[in-house]
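Next, two complexes with subunit A in common: one pairs it with subunit B, the other with subunit C.
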Partner chain A sequence: MNYFEVFGLPRRLGIDVAELQRQFYELSRRYHPDFHAGAPPDEQASALDASARLNAAYRTLRDPVARIEYLVRLEEGRETKEGAAVKAQAPPELLEEMFEIQEALAEAKAGGLDEGTRATLRAQRERLRERLREADAKLAGPLSAAWDAADDSGRPKLRELLKQGLATRAYLKTVIEDLGQALGEEEGTGEHVAHHRH
Partner chain B sequence: MAYSEKVVDHYNNPRNVGSFSKETAHVGTGLVGAPECGDVMKLQIKVNPGTGLIEDAKFKTFGCGSAIASSSLATEWLKGKTIEDAAKIKNTDIVNELKLPPVKIHCSVLAEDAIKAALADYRTKHGARAEAAVK
Partner chain C sequence: MSRIIGIDLGTTNSLVAYVDEETGLPRVIPDAEGRMLLPSVVAFTPAGILVGEAAKRQLARRPQSTVYSVKRFMGRGYEDVKDELRYFPFAIRPADGIVRLAVGGHEVTPPEVSAVILRSLKERAEGHFGEPLEKAVITVPAYFNDSQRQATRDAGRIAGLDVVRIVNEPTAASLAYGLHRLREGVVAVYDLGGGTFDISILRVKDGIFEVLATNGDTHLGGDDFDRVLMLWLLEDIQARHHRELACRPVDLGHDSEVMQELRLAAEAAKIRLSAEERTRLVIPFEDFTYHREITRAELERLVNSLVEKTLGPCRMALADAGLRPDQIDEVVLVGGSTRIPLVRRRVQELFGQTPHSQLNPDEVVALGAAVQAHILAGGITNMLLLDVTPLSLGIETLGGVVSVLIARNTTIPTSAREMFTTSVDGQTVVDMHVVQGERELAKDCRSLARFELRGVDPMPAGMPKIEVTFLIDANGILNVTAKELRTGKAASIEVKPTYGLSETDVGRMVEESFQYAEADVEARMLIEVRNEADTVMTHVRRALKQAGDLVSAEERQRVTAALEALARARETSEPDLIRETTTELNRATEHLAEVMMDTALRQALGSQRAAEIMAGGVERGEHPPAQGNQ
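Moving on, here comes the complex of A and B:
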């Protein structure tokens, strides 16, 4: 049972989040261990499984970007973020730009960060955050709507666009985090896309 | 996660870090990225037009230790190879050499992609001319 099916929803990106939350609470009560305390062990166990799946499904579907990542994975029939048959390619200019920012950041770090440099890096980070917000808005707004409106012939193209959007936001997010780290002002950990370097 | 000794070695003493100046002739450049983690990797080859061998290679990678080690190793392997042999380097060779765990295999894929991109860039810039010279 996939996350959409958990809520009895069609596989669409447009989701009424208030309605999703209402259903989440209702289903949570239904699967809550307290209601199955007197039930046979196998029934208790399956209620526990259902409850865990419900939580995971809700966390994923309530967030528009996590929802898109999940849908793309479902469409490609894979469980994890990695192993995509067709790798999403961010626009080459973006890659070039991210590389240049990283290179400049490495040089700034090597030179020691004086107040002037720190102010420059902060301003740069603010601009990148704005672009990340724009990228997310585009994913959650027009691209999600276009996916839902598309028929089977239009979907491969849109899936590519969604993946490009996800790739773009991943690069922006990484460089924003790296800037924050250099400034000693780490980003709060986002809930949906955790891609920390090991 | 524990890194293998070889990864740690390449991470602490990366080989061939840097880049060729834009004016350097006979250079092929590959710039690739991993959308899953936001890593970016630039790998360059410098080919000796007389022998057709890769005489130097450089890289700059902004990413995790495995990505740095993979590209560092790749530049070592590239030196002295022909373009054709360089194209035969596979990510699995890098995985075996560095003993990368499954979650880090994508770093070696990135390095292979970077090699391919650098070779393709070199061919685009110089291939036609080189072939014309042979004929």
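Moving on, here comes the complex of A and C:
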């Protein structure tokens, strides 16, 4: 059973998150091990599995980007494993800017950062964050809508576009985090320090 | 399903509760004397084990064989705790793996000590219901890692309990509130107990308690507050009484009996300062009495940085939940340390709203454990707790880098699958190192266990395909299973917990626990009256030395005679005789105590009324002889 099926949803990217939450709560009442504590062991075990799958499905589908990554993997028939679906890749239009940042980062690693460079790196990080927001908005908005509207003949092309978008955001995220590390101002927000690098 | 009790196994105090079938409300079960809290103190005496009040009362006299705050050692290794060992009077031996305490002539592990506390609560509940009980829900700090949770479950097993659920303390508290009055919305539970700190952020909706994020520090609590105050007192005593102290054979800071008295006095003063602006400490020594007034502002200066340390985890939890402080609808305070006004102020500043603690912060976790127990027993069907795992779980890969399998704040139960293979031709065993934490390198994370997959069919390197499933169950505890995909057969796994007990260990301890059983009623009574006698005698000897010349020779003689009578009675095995003789000694010293107290107070206070001060100053260990048998 894939994550869409867990919720009885069609394989579409447009999802009403409030409705998803309501369904998640309702299904939790059905599957959560707490409500099967007095049941025979095999029933307990299957409740545990169902509950773990439900939690994974909810976690994946409630987040627009994770939802796209999952759908791409599903479409490509790859293992339903969490984590990045695509390799991080620099967007071509940013290559020059990225080159400069990488140079500054290498410098930072070799020696200290002076205040001027720090300010530049901070400004660059802010610009990249803005780009990341744009990339996410594009993925969750027009690209997702286009996928849902497309027929079988249009989907392969859209799948490539989605993958490109994912590759760009993965790249942006890594550079933003590297900048944070070089500046000694790691992202203390939600993002996991240990997550992204492998 | 049979009855399930809820247990709050705390650093300082533990409680047991159940849900009353008639009212549907949770209740704490008191002991025979009506006390709700069981001090989490265990004493190992030659005659048997003491637990609770009885153990706590003799803490200052037998510090080396009395264990307190054992929760701080649960699921930990020597390396983790060695820095604070000098503050504990009992010995801990350097060794690999789990911490081992040397007390009363034998070696015990933290789960065994906790088991003594659990067994006492189990018996309390059995006395209440008049029937044997086996099943329990036990609470742990939300930020407890896998080893600490396993250690708690092991403690339950050693105590003869079937631990049907390990539940997080702040979430348990939210369940207790949920039954009473929690509105729907986003709630932050700030839980500062005796030894641990947790912050949990939950969404409460339609009877579902969904934890959005949790964070904390499993080594931060009231104990640390007591410690800074205790060290400050020690310094002050050493500065002000260096002349009297010069002739002591042992340095004050290395005298574990004195340190225990100071610790208890510091704790009592800290508690009083939550209600009063200033308080007075009176601590008698052999040849002088230490007096000191301390204000709330002074205490706040001492503990300020500790309180600040709780705010970082709060901000992290908010960020993980994707929320700003002003998006929190309600802030609930849990744990005895949230009675400290400074803590309340800081929490209020952070969240921009007045936090509340309408349910007793000492009892609310136990009440919540009872609610969770009732849910599991099928007694409540409209409430459900969806909790998270507090720390990321990963495996060590090439170069010591961690590959995260399950991210922190993932709703549990949850599972992750990973493929493993061999790297050498004919290899039949595959190793995995599982860690928990947020750092990139395995060495900076918490090592949970090493798993050995055995019985892999010998094949060329890279050929076997072993699928390993890591499941974190609703207790927040990791379960690992493996399957060889080519053959479909389950692979056998040997688990070597880094900071835990093996199955064999636990089995042995369950058996031994009967051997180390708590002293039976008669023996316990004898131990208690003897302890009491010892305490009174110590105080009287000290009083005679200090203030003997303030009373008549005739009175001195009377007191000495009563003292000798008690010393003789103490050696008999007759509890009644010892108790009576103790009372007689107390009576004989009433006048001496008054004289001493008066003089001491007059010296210290000048014009202030003695009675006023006595009301505030004579609690706990620092009392004068006449109060010895209270």
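The definition used in the following text is that the second predicted complex is superposed on the first by the 166 of 198 C-alpha atoms of A that agree within 3 Å, B and C clash if a C-alpha of one lies under 4 Å from a C-alpha of the other, contacts with A are read in each partner's own complex, and residues count from 1 in each chain.
Convention: a contact is a pair of C-beta atoms (placed from the backbone, for glycine too) under 8 Å apart; a residue touches a chain by one contact, two chains touch by 3 or more.
Model, not experiment: these values are computed from the prediction.
Participant: Under the stated touch criterion, which partner chain does A:167 make contact with: subunit B (first), subunit C (second), both, or neither?
Facilitator: The first partner, subunit B, only.
Participant: With both complexes overlaid on chain A, does A:106 touch subunit B (first), subunit C (second), both or neither?
Facilitator: A:106: touches subunit B, not subunit C.
Participant: Taking the superposition as given, does A:178 touch the first partner, subunit B, the second, subunit C, both, or neither?
Facilitator: It touches subunit B, and subunit C stays clear.
Participant: Who does A:59 touch here: subunit B (first), subunit C (second), both, or neither?
Facilitator: It touches subunit C, and subunit B stays clear.
Participant: So, A:76: does it touch subunit B (first), subunit C (second), both, or neither?
Facilitator: In the superposed model, A:76 contacts neither subunit B nor subunit C.
Participant: Now for A:33: first (subunit B), second (subunit C), both, or neither, which partner does it touch?
Facilitator: second
Participant: Mind sorting out which residues of subunit A both subunit B and subunit C touch, each in its own complex?
Facilitator: 81-82, 195, 197-198
Participant: Could you pull out which subunit B residues touch subunit A in their complex?
Facilitator: Listed in rising order, the residues of subunit B that touch subunit A are 1, 31-33, 35-40, 42, 60, 62-66, 103-104, 106.
Participant: Help me check something: in the complex, which residues belonging to subunit C touch subunit A?
Facilitator: Result: residues 1, 164-165, 205-206, 208, 210, 315-316, 319-320, 322, 372, 375-378, 381, 384-386, 392, 394, 397, 401-404, 407-408, 410-417, 437-440, 471, 473-474 of subunit C touch subunit A.
Participant: For subunit A, which residues count as touching subunit C in their complex?
Facilitator: Counting only subunit A, the residues touching subunit C are 25, 28-29, 32-35, 37-38, 48-49, 51-52, 55-56, 58-59, 81-82, 188-190, 192-195, 197-198.
Participant: Quick one: in the complex, what on subunit A touches subunit B?
Facilitator: Residue positions touching the partner: 81-82, 87-90, 92, 95-96, 98-99, 102-103, 106, 163, 166-167, 170-171, 173-175, 178, 195, 197-198.
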